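One structure coming up, written as structure tokens, with questions to follow.
Letters A, B and C mark the chains as written, and numbering starts fresh at 1 in each.
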Amino acid sequence: MTQEGKIEAILFAAGQAVKIRTLAEALEVTEEEVRELLKRLKEEYVKNHRGIDIVIFEDKVEMCTNDSYGDIVRKALKMEITQGLSQAALEVLAIIAYNQPITKAEIERIRGVRSDKPINTLLEYNLIKESGRASSPGRPILYSTTEDFLKYFGISSLKELPEIEPTS
Amino acid sequence: MTQEGKIEAILFAAGQAVKIRTLAEALEVTEEEVRELLKRLKEEYVKNHRGIDIVIFEDKVEMCTNDSYGDIVRKALKMEITQGLSQAALEVLAIIAYNQPITKAEIERIRGVRSDKPINTLLEYNLIKESGRASSPGRPILYSTTEDFLKYFGISSLKELPEIEPTS
Amino acid sequence: MYTVKLEIFEGPFDLLFHLIEKNEIDLMDIPISIILDQYMEYIRSLQEMDLDVASEFIVMAATLVEIKSRMLLPKFRLEEEAEKIEEDPREELVKQLIEYKKYKEIAQLLSGICGINRRFFKEEPDLNYIDKRVALNYSVEDIVNVYRKILERNKEKENKIEIKKEEYTVVSKIKELLTYLVKKPALWFSEIVRKSRSKLEVVVSFVALLELIKLNRVAAEQQTAYGDIFIRFLGREGRKHDPGRQD
């Protein structure tokens, strides 16, 4: 048995995101050591073009397929090609990621255009969620990004988003 | 990309047994070549004490957890998994509970997405069962809930399922 | 269906950016006249193809017209007023454009790292290693809640298909005005304003009116600044194109 093997086995068997703390407790090592092991594991996956990969977000880690094998996976499993995210959906997602929680009206003010459709698309993809209501008149719905957003975009935490300059 | 990587990605994403023929078609090689690749993959897993493994039975192959890590996996999952059904599986279960007996096509029409994987999971959990075939063309399999479903969800009969009026 | 709209541009900001980049314009010193002309040209070309133009584009056209007129105004202002109004009329628009640009760039970046369609997860635990009683820690409530959500989701989808939000478009407004003008060949613009259900509809009506003037279908007169506009219908085919007319 190896430490990497243990982590690999746990992550595979879990079939969902596993807390770093859980891994530390199971392996009886510190969380820092787990993070170090995860780093080594990921490096090994990348270097050897493995079909599997891991994505670390916030205090969790989940096993997934390697992005570069996406086409063949879809082909083999006859997955319908879901429509990718439109430019509009990506713009709305960017705005929500940097300003969450945020209302539809604010999103539309920044984009200068109605945004119901892209918001619905993002909700269907579970990349954003309703996260309460603003205290402003009409108590409009507030939107935030989800864990799936971090998972599918490989962003380890919201803090990792590139900084944006106030002016260009 | 490597041939082994492709197989690894497909097997991981499938989450269930995959036909050797399916792999051969996706990789555009013969079934013999797939078997050869699977043999090499398995040797690699064993040699390097990987946490994952593959089992080949007749014309199918499935990725699984390396059982030598069984103890630590059980220990970790005990801490991690308090509710083991994915959102997709719960949705399918709810649809079957309220519409049984029902075909896969009807489930997918209600959900709007493919549902093979969650159906498979529910069968494995023994929460649903095949209960005959519809008289419609192709005579598709009908699914119903099981005794275990009643037991785990804490009701004594299906009549206890509350009626639902969609609120808006 | 006319839903093709401005598929290439996400909205008026997107279109403005395209024009600014095409003309290699400094964002901090936008030549409004040039941009306005090209902006209107684009919208007109869509209308010629009989495509409906989303109302946001029309509102932006009105904003650009307003900025242009304000930039011409100071020349005629009294000195004290000129001092008071130092700010650049373009300032607000430029601020919005810069803000939008940030997110447009982030969107580009996100598109490059998006794992949807490429990255797959396993989604279910390996049953051999979990305690079923623990993993199936549910109650009938969970089933009810999930099923209710599915029904609501499907109902919403149906509603969305049924109720298509009314949109004001210049093309449809021109047709509407023409029909009205046939019955009433002379009227005040305030009459149209009174009949409008929203500010947006007024703006769209106004742009439609400008189009009709350009097409020579109506003559318009305004006696004083900000005064009411008198509109006269010049006939179905317009004055110039009227085949029955001989000058």
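Miscellaneous remarks
In the analysis below, a residue touches a chain if its C-beta (ideal position, glycine included) is under 8 Å from a C-beta of that chain, and two chains touch if they have at least 3 such contacts.
For reference, the UniProt names are A, B = Segregation and condensation protein B; C = Segregation and condensation protein A.
All values derive from a computational prediction rather than experimental measurement.
Judged by the touch criterion defined above, the protein chains are all mutually in contact, each touching every other.
On a Cα centroid basis, the chain most remote from chain A in this structure is C. Note: centroid distance chain B to chain C, computed from Cα atoms, is 47 Å.
With centres set at the average Cα position, the gap from chain A to chain B is 23 Å.
Distance between chain centres (mean CA atoms), chain A to chain C: 32 Å. Among the residues of chain B, those touching two or more other chains are numbered 9, 12-13, 15, 65, 73, 77, 81, 86. Annotation for chain C: residues 120, 122-126, 128-129 touch two or more other chains. Chain C makes touch with chain B in their complex at residues 120, 122-140, 142-144, 146-148, 150-152, 154-156. Considering their complex, residues 1-2, 4-16, 18-19, 22-23, 25-27, 48-52, 63, 65-66, 68-69, 72-73, 75-77, 79-80 of chain A touch chain B. Contact residues on chain A toward chain C in their complex (touch as defined above): 12-16, 53, 55, 62-65, 67-68, 70-71, 73-74, 81-82, 84-85, 87-88, 90-91, 93-95, 97-98, 110-114, 120, 125, 151-155, 161-162, 164-165, 167-168. Here chain C touches chain A in the complex through residues 10-14, 27, 54, 56, 60, 96, 98-111, 113-126, 128-129, 160, going by the rule given at the top.
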